[in-house]
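What follows is chain A paired twice: with chain B in the first complex and chain C in the second.
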Partner chain A sequence: MVLKVENLRVGYGKIEVLKGITLEVSQGKITALVGANGAGKSTTLMAISGILPFKEGSMELDGRRIKRIRPDEIVSRGIVQVPEGRRVFRGLTVLENLQLGAFGRQKDRTVKEDIERVYRLFPILSERQKQEAGTLSGGEQQMLAIGRALMAKPKILLLDEPSLGLAPLVVEKIFDVLLKIQAEGVGILLVEQNARWALEAAAWAYVLETGKIVLEGEGRKLLMNTQVRKAYLGE
Partner chain B sequence: MSAVVLLILVALPLFNHNEYHLEVLVSAGIFAILVLGLNVMTGYCGLLNLGQAAFFAAGAYTYALLNVKLGLSFWVSLPACVISAGGLGLLFGSCVLRLKGDYLALVTLGFGEIVRIALNNMDSLTGGPNGLTVSHPVIGLSPKSFDFGIKSMPYYYLTLLAIIVTVIITNRLSSSRFGRAWIAIKEDEVAAACMGINTGKLKLLAFCAGSAIAGFAGWLFAGKQGFVSPDSFDFITSIMLVAMLVLGGIGSISGSIVGAVALTVLPEILRPLQQYRMFLFGAVMIVMMLFRPQGILGGMRIFEEFRPENERVRQEEDEVLSEDLRQ
Partner chain C sequence: MSHLETFLQQLINGLTIGMIYALIALGYTMVYGIIQLINFAHGEIFITGAFFGLAVFSLFPSLTQWNSVFTLVLMFCAAMAGCGLLGVVIERIAYRPLRKAPRLACLITAIGISFILQNVLMLIWGPVDKSFPAFFKHSALTVGALRITFMQGFIITTSLVMMIALRFFVTRTMLGKALRATSEDMTAARLMGINVDKVISVCFLIGSALGGAGGVMYGMYYNTISFHDGYLVGIKAFTAAVLGGIGNVPGAMLGGIALGMLEGLGAGYLSSAWKNVFAFLILVILLLCWPSGILRKSRNE
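Up next, the complex of A and B:
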């Protein structure tokens, strides 16, 4: 499956945040979106998820145009977002959070198997399944947020800053799992402040600056780019 | 525990024949049903409704009109009362549920007033401020029939039964996948939408269910009073229902009932204080919210996690998690 976004323009009121963005995400590959704070990375993901309306532009899934559909319809087509800051349902248990991830396909008998699969990826979640999500540590909450999104059986996973505020070893563990998920054929659009890791793992990467894509290329090549090194890797 | 409470409630009228006490308990019971309905909207789904009295009125007036105009009996009118209130909720909800938080609260407040004023002014249909006199419920056929009449005892048991039915329904709803989705919407609507939950449809469902339950209470109320007038469905009623829910514990079924009983019985107990009654009533509410903001039976779940010591525990857990991964 290939997701194509063309000339996407999104704004809040009169302020235009995205000034025409074109990008492509394909299944089984990691695509990175890097950029400074306020460049419009999260806005891009929210627009793709159908939470924010497009002012202009179009979205294509496997060559078929999709316009103006609800967030739940986007999810049922296989595009699922893990929002920034985890946003797990704090008052619900780990298990309930995972079940909610499969809300759109609850009648499906494979839900139980998928919960097991998430537990295999993140064994700590299985230990904590009866615990309320609000009592989990930051790292565990991020694992839960990813697991919850996987419950929707995504073909394309949109990840917004999965390493935000986490200990380096926890980040490492999460990135390991992302590679596993990718190897199973899921496409990942990764928004990351940890630009080095994102660019290393990404088959293709885009650099976003104040609502425009200023640079794109293979992840490893962008890592060599002096502009990128200066701006995002602190060299 | 709940079985013991139920047994006490069933046996109560056998030991206490005081008409006034039973009357107060029947009112409390009808309020409890209304609060249980409000709990579905506000407690589960986070939709603050300051116009629950409008749906209460819809149920009550549906029975009154069917009885007065068409001569339908109390029991036969039940489905129509629930459907008309639920339908009104569906209609109104589909117009306004795009609004969030305070804005929704304001619109529901306005709606509640519109319904009351409309009932007050549609003289030819509703009798305006004079209201409508309706029949009390009757069981059985005419020679051997039993009329509920004006004694409180039969209504006490009918209300108890109605509460049990409502508790079963709302309990089922809360443990269903819809119940989980409602809590998700209440906690974080954007995250819920990201999970593929059709938030618009589910909010409407919660609103419709809550208003249908209010219609059920209205039906019971009209039959018990034998009279309906717009005065019973004013803004203060709606506010009291919210106060009952908050006092009892938002999101809790047993809390909804306890809140309704407490706020119906308390003003009665305070009656000897005459004009200082509401003053003390207000003070009790303030003290309650200061020392137990989650309500009498509200779960500790939500508030526990904001305590600083838990934040520290979480950070330590992350360190332990890192340790585990290192090995």
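Up next, the complex of A and C:
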């Protein structure tokens, strides 16, 4: 499956945040979106998920145009987001959070197996399944947020800053799982402040600056780019 | 009657009306929990339930023993279905278009809807008090000097059953879980594929249906209803919801019962003419000293 976004423009009121973005995400690959704070990375993901309306532009899934559809319809077509700041349902238990991830396919008999699958990816969640999500540590909440999104059986997973505020050891664990998910054939659009890792893992990457894509290319090649090194890798 | 017995008697009387407050308070709190709107029309929805019940009753004028249970069940069904539908329709036409508008706009709309409903009730059923049929008239259980009428028992148990059913719905069913998730973080809920518009409709449906059931109980208990009763009782139930912590479902139940009992004790020991004063005194004191209520809703903002 290939998700194509073309000439996407999004704004809040009169302020235009995205000024015509074109990008492509395909199944089984990691695509990275890097850029400074306020460049419009989260806005891009929220627009793809159907939370923010397009002012202009189009979205194509496997060559079929999708227009103005509700967020739940986007999810049921296999595009699922893990939002920035994790946003797990704090007052609900770990298990309930996972069940809600599969909300759109309640009649599916495989939901239970999928929960087991998430527990295999993140064993700590299985130990904590009856605990309220708000009592989990930051890293565990991130694992839950990813697990919850996986419950929707995504073909394309949108990840917004999954490593934000987490200890390096936890980040490593989460990145390992992302590689596993990718290997299973899921396409990942990764927004990451940890640009080094993102670019290393990404088959293709886009650099976003104030609402425009200023650079794109293979992840490893961008890693060599002096401009990128200066701006995002602190060199 | 001994001291203790008087106290217990007032407590039982208070508990009965408290259960009715609790049922209505649930509607306020559920709606507030999900869209942060104080639905001022809810008091009118509640009393509309009583009128729906009355309308059904007038279809069955002759009350034989059997017939009366059947009629009662039918009255509850009509009130709950009618009010549930009314709540859904109000949300759809009056609140949903304002979802992104400032909160004050919604609040004023809610007050407007409340006036409209009040006037519609007056147009249909007239401005004078209507007498409401009495059920289980003379049956009562007496323990010493304590008297629990069958009616009180009926109101208390029926409300309890409804609350337990609600609790089951909210904690055990997927839709109930989606309701909790949506009230916690609407955007995250949408990202998980939950159709929040549907969830909000369900919330109005259930809250209003419970209010409608409360309306029939109110009519049965006091035997007269009037088009403007919704206002006063509604504000009291709102006080109960604030008392328990607005947005908190168990809190609304507790708050309703607590308010009813305080009112009962106040009416019993001081004067029943003052019972409304207690309710509002509690509201004022609460807003001053303890605005988050007994069971504070855990929020992360």
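A few comments on the model shown:
In this section, the second predicted complex is superposed on the first by the 235 of 235 C-alpha atoms of A that agree within 3 Å, B and C clash if a C-alpha of one lies under 4 Å from a C-alpha of the other, contacts with A are read in each partner's own complex, and residues count from 1 in each chain.
The rule we apply is simple: a contact is a pair of C-beta atoms (placed from the backbone, for glycine too) under 8 Å apart; a residue touches a chain by one contact, two chains touch by 3 or more.
This structure is a prediction, so every number in the text was calculated from the model and none was measured.
In the model built by aligning both structures on chain A, chain B clashes with chain C. Looking at the shared chain after the overlay, A:K173 reaches chain B, while chain C stays out of its contact range. With both structures placed on the common chain, the touch criterion links A:I124 to chain B but leaves chain C unconnected. When the shared chain is aligned, no partner comes close enough to touch A:L223: not chain B, not chain C. Of the two partner chains placed around the shared chain by superposition, neither chain B nor chain C is touched by A:L157. Once the two structures are overlaid, the count of chain A residues touched is higher for B than for its counterpart among chain B and chain C. Contact with both chain B and chain C is seen for A:L100 once the two complexes are overlaid on the shared chain. Once the two complexes are overlaid on the shared chain, A:P83 sits against chain B and chain C alike. Within the superposed three-chain model, A:I30 lies out of touch with both chain B and chain C [touch as defined at top].
Look at A:G139: by the touch rule set out above, it reaches chain B but stays clear of chain C. When the two complexes are laid over each other on chain A, chain A has residues 49-51, 70-72, 75-76, 80-81, 83, 87-92, 96, 99-101, 103-104, 106, 134, 148-149, 152 in contact with both chain B and chain C.
Residues of chain C touching chain A in their complex: 174, 177-178, 180-181, 184-185, 187-195, 298, 300.
Those residues of chain A lying in contact with chain C across their complex are 49-51, 70-72, 75-76, 80-81, 83, 87-92, 96, 99-101, 103-104, 106, 134, 148-149, 152. Against chain B, the residues of chain A that register as touching in their complex are 46, 49-51, 70-72, 75-76, 80-83, 87-92, 96, 99-101, 103-104, 106, 124, 132, 134-140, 148-149, 152, 166-170, 172-173. Of all the residues in chain B, the ones that touch chain A in their complex are 177, 180-181, 183-184, 187-188, 190-200, 301-302, 304-305, 310, 314-315, 317-319, 321-322, 325-326.
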